[in-house]
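In what follows, structures are represented as structure tokens.
Consider the two complexes below, in which chain A is the common component and chain B and chain C are the respective partners.
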Partner chain A sequence: MSGTAAPTRARLPGLAPLAEWGMRHRVFGTWLALAALPLLLPSTALATSVVAYGLYALGFNLLFGWGGLLSFGHAALLGGGAYATGIAIAHYGAPWWAAIGVAPVAGAGVAFLMGVLAVRTRGIYFAMVTLALSQCAYHVAYQAVGWTGGENGLRGVNLREVALPFGMVLDGLDPRVRYGLVAVAAGLAVAAVSRVLDSPFGAALAALRENEARARACGYDVRAVRLLAFVLSGAVCGLAGGLLAIHLSVVPVETMHYATSGLAVMLAILGGMHSFFGPFAGAAAFLLLESAVARWTEHWPLVAGTVFMLCVLFFREGIWGTLVGWLRR
Partner chain B sequence: MIATRRATLLAAAALPLPALVRAQGTEGPIRIGFPTPLTGAFGTEAQDQVRAAEVAVAEFNESGGLGGRRAELLVRDDRLNPGEAATRTLELIERDRVDFLVGGLSAAVQLAINNVAKERKVLFNSISQSDAINEARDWGPTTFHEALNPHMTAGAVARHALPRFGKRWAFLTADYAYGHEMVRGFQRAGQPLGMETLADIRHPTGATDYSTFLPRIAGLRPDVLCLCNFGRDQQIAVKQAGDFGLKRNVKLVAPVLLYTARLAGGGPAFEGVVGGTSYYWRLEETVPSARAFNDRFRRQHGNRVPSDYGALGYGGVRTVLEAAKAAGGTDTAKVVEAMRALRYDYYKGPQYYRGCDHQSVQSVLVIEAKANTARGEADVFDIVAQEGPEERFLRSCEELGHKA
Partner chain C sequence: MTAGGAALRAEGLGKSFGGFRALSGVSAEFRAGLLTSVIGPNGAGKSTFFNLLTGAFPPSEGRILFGGRDITGLPQHRFARLGIAKSFQITAVFPRLSVAENVRVAAQALVSRLDFWSHRARLRGLEERSAALLARVGLSHRARRAAGELAHGEQRALEVAMALAADPALLLLDEPTAGMSPEETRGFMDLARALAGERTVVLVEHKMKLVMGISDRVLVLHHGELLAEGTPAEIRADERVRRVYLGQRA
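On to the complex of A and B.
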């Protein structure tokens, strides 16, 4: 290992320590990325979408990359949060802090209901149970037209102003204000997730992923740990949904569609499921690719699919995981 | 330390970009954002909408534009997904600084675009069917609706079909807003004429097998089977109803009979099916503006004719550009006033926007599909009736929640 490391380090002076620094200060690094994102991407709207979907993928990866559980039902958690925020604003005219606040609660609530049933299963059965339950949630949203707008989607999620303490009022239609709101909320959530992963609970989750029988023998309550992880994942994904609702000012019923569940899997794998920042990188890469390629051909899914296949075949650690791996070598 | 320095460098490199984009915004060309689902189930219709919109833009530019200001079409793929449409619309407004928005195909997508646009006071002319967009809850002063709505379409077809084909109706309905709104439209128009609804059978959108529904429908012995579904659903349902032998005793009726679905489905399957449409190219035999539009479209796009939804792309863009000309600029408030004042005949006969909800008051064509394509491949329908343009076929302003 050290034999191959020497020439690489000579070629790329300074980058290996940078990667080390990023690994050690992953929260601060993510915050820097959040601050730089609107300057790097072609539009603030795209940057806001990247942050919201990145947070969604991060929440999903809490269960997938760190807990080793592949869920195909995370659209219900994203949608739960999105509808909670959407209904709070569209039906009750809630202020921004309340509207954002209900999103993780709703996400965690939906996750608890799904988790109670799903954590009894493992592997493919876990994926199938979560998929089935999220389809139930989809049809509830589809039928509850009075609350969700059904097929037409929930419109009128208009956050016209963001009132801050000391009488400061920001214009909610300003893209920079919207990005700031979304980025700060996402930044706090990232810090919380990082703290959880560093806690004894995070270690228990990793132990379960590596060897369930051994973890059980050590005295861990497997179901309880998994349920808690599912609920935490739900809170993060719910928050992402709420931020997305505020960003787009509508909640389409497609948010709950199983394709959105698949998107989380894709973003996590594309970015790197074993790295903390990977899901964000996956979201940025995917959305940027999509918006750039769609500009000159309507066959952009062909390009996105090819990139995804290349990642799965040759870059098993995803874009970010591979990049960090190279830099640290 | 290195990280911050690099971030600063990148930031410095990226900063001038948005500033440049913004600088062009005010005195450059007239920019029209055109979100439409180039990919997805309605891709064929969407691509035809783009072709027709290009015709409107080309005509405008050839006639000298607005005092030399040319028009520019910014087409974006919304993938038939309202969230995607909202993102693209935000980009079009915030980054590309478009003057107007035209587009949307599907109720949910146009409502999403409308919500984003009306909050930012950007004029949006919607070109696909929806009842909700007329209602006070969704509507805004900058919202216009060039397309038909389900109430008008279903009403016209019902008033044509009921006296001719019988009063006992069965509905096979795609279970989403479009289907529900169409059934509601048929029943409201049919009630005074004595319509009897035997059953309203719902199927999920994207269904490929209707064999479970068809025996049940045959058992009800209806006079009319009304297929309230769209696109590929309609195409498959028509074919399977024919294969099942239903067409021998039952008349098949659809609220919107799509040109593209008929082309894909084939003549024998569709023969005899009656439905409504906003436009069919053979309108050119009686309407001079339709002839002019078709000729221009043929010239620009390799001798093909515009489809129904395609023509709406032309109507939607042309009205906005003509209004900008009349207003002498792109100031939204003035263009809205000019749009409200338009009395136009651009491609299908006289039209105007109703004052309270900006719904385009226009004719609805009732067409019948035929197998014999005497005038070539594109000759697939006969126009059997035409209703309107009259405001009494629309829901009243009060019913929609607008103050009179």
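On to the complex of A and C.
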């Protein structure tokens, strides 16, 4: 959480230090969660989804929670990375490291193109411009059938083998291997995001969120800081998209749909936009609930909407933010 | 910069909002190392003048010269990096950041803005600078609080510390004492006087009485135009100024 100095009150012995530890070692804590996730969740596939969407929400929150900018166009960044990885594998048979490597580059590239236009605006206009631009990206993906498969989605994103140094080759079709790949990539990205938040740029971003006019008067170029935040957010979300493509073996065109943009907003708020781990927790809660609810009703969106509303009304800091708040009290 | 030379010069500055001329044809010189006050009744155009001088928006007409260089129309963050700092009429701090971080991040703007890979703690001297400035404005005991939790007068003091963070050659303050207690106001005026010994200070103030004792030069704005300019004694004796400030004898 930002530099807020919380007043000390009576603490629950034992649990408050745990919360403090988690906040001080947010990267290591997240790594532990990544290691434990497949053991805690009913299926490895679900765990993989949680990690990919958790990373997506984390990347989104770099802009939203830390930068104070609400984008409704992040589907284009997730989709950009997903298609880049998908095309690399399906069209070019790229090895795993190249297929994953192009995803953040593509996400950052799409983000740069969107950001150059979007950072001139703020507030609701920023949300609208990013939404409009992502709809353009959706349209391109829909039309470029030769590359993306159009409305049928990009099929055949099959990563058959994961070749490691010293001649080790893992079976890319084994869900556990995929989880490992996705979790390691996400774990590195999480460390990178944490590092960005601790950087001078991270401080500038927080200042901008708190008071734009003052930040500008201090000498910060508001547009440059925002554009960089958007591009970095795009790199993280692009990577998440690439990991999702490998996980699903397909890139549906819906990846680019604006509902996917809305999902990022929802996951971040559900988990807690003011905490580092919140977006991950939001993704875990959302997907777990979805898989449970989908078993007895087809009205999942209704349930999701209700849960989200309740959360916004009663847990302003999201599931994770509220939990940490309780522990530290 | 030697005292007496022009640190900042306004040449025929004017600003229109729609059809309304908030400021017109103001030419003035702010000499280095002096404390110059800009006074005038409500709506005289003081804040507009202030905003033009700090680059918040470009003038409709005229030029701004800083150390002889034409800086008219530069984006505001460039003004700040050239060494022109300001405090706002309406308090503007970073409410959820700690008081110490408010000043630290203000100082950081001069040395590192887009470096997203190194650790901010590795920027040498910023934390020390922040602590020293907080001591100077009397906020050391509040360093770890969130800035939004401070009392109004304390936030004003914090603003000054933030404006000083970049060690500006020119410091502009827009009604810094608005909302301060008489005691805080007195302390603040002492601080402003002390600051003028090290850098050029421009003080925008609505209350004439406050600035007369500490200013080297005084500019009087009225209806968007420069009414008078001179030493406090000259301004006090000026018949037109007396008329504008009817009943508010200095």
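Going forward, the second predicted complex is superposed on the first by the 316 of 329 C-alpha atoms of A that agree within 3 Å, B and C clash if a C-alpha of one lies under 4 Å from a C-alpha of the other, contacts with A are read in each partner's own complex, and residues count from 1 in each chain.
The rule we apply is simple: a contact is a pair of C-beta atoms (placed from the backbone, for glycine too) under 8 Å apart; a residue touches a chain by one contact, two chains touch by 3 or more.
Everything quoted here is computed from the prediction, not taken from an experiment.
Under the clash rule set out above, the superposition-derived model of chain A with chain B and chain C shows the two partners fitting side by side.
By the touch criterion defined above, A:Gly219 reaches chain C but does not reach chain B. In the superposed model, A:Asn211 makes contact with chain C only, not with chain B.
Here the vertex is the CA centre of chain A, and the angle it makes with the centres of chain B and chain C is 140 degrees, a multiple of 10. Within the superposed three-chain model, A:Ala127 lies out of touch with both chain B and chain C [touch as defined at top]. By the document's definition of touching, of the two partners only chain C reaches A:Leu228; chain B does not.
When the two complexes are superposed, the chain touching more residues of chain A, out of chain B and chain C, is B. Contacts of A:Asn158 after superposition on the shared chain: chain B is touched, whereas chain C is not. The gap separating chain B from chain C at its narrowest, counted between C-alpha atoms of the superposed chains, is 27 angstrom. The residues of chain A lying in touch with chain C in their complex are 2-5, 195-196, 198-204, 206-207, 210-211, 213-222, 224-225, 228, 232.
Residue ranges on chain A touching chain B, taken from their complex, read 14, 17-18, 21-22, 29, 32, 35-36, 39-40, 42-46, 49, 150-153, 155-158, 160, 173, 175, 244, 247-250, 252-255, 291, 294, 298-301. Taken in their complex, chain B has these residues touching chain A: 2-4, 7, 10-11, 14-15, 17, 38-39, 43, 47, 76-77, 81-83, 86-87, 90-91, 94-95, 107-108, 111-112, 114-116, 119-120, 130, 132, 137-138, 176-178. Chain contact summary for the complex, chain C toward chain A: residues 54, 56, 75-77, 80-81, 85-86, 88, 92-98, 101, 104-106, 108-121, 123, 144-146, 162-163, 165-166.
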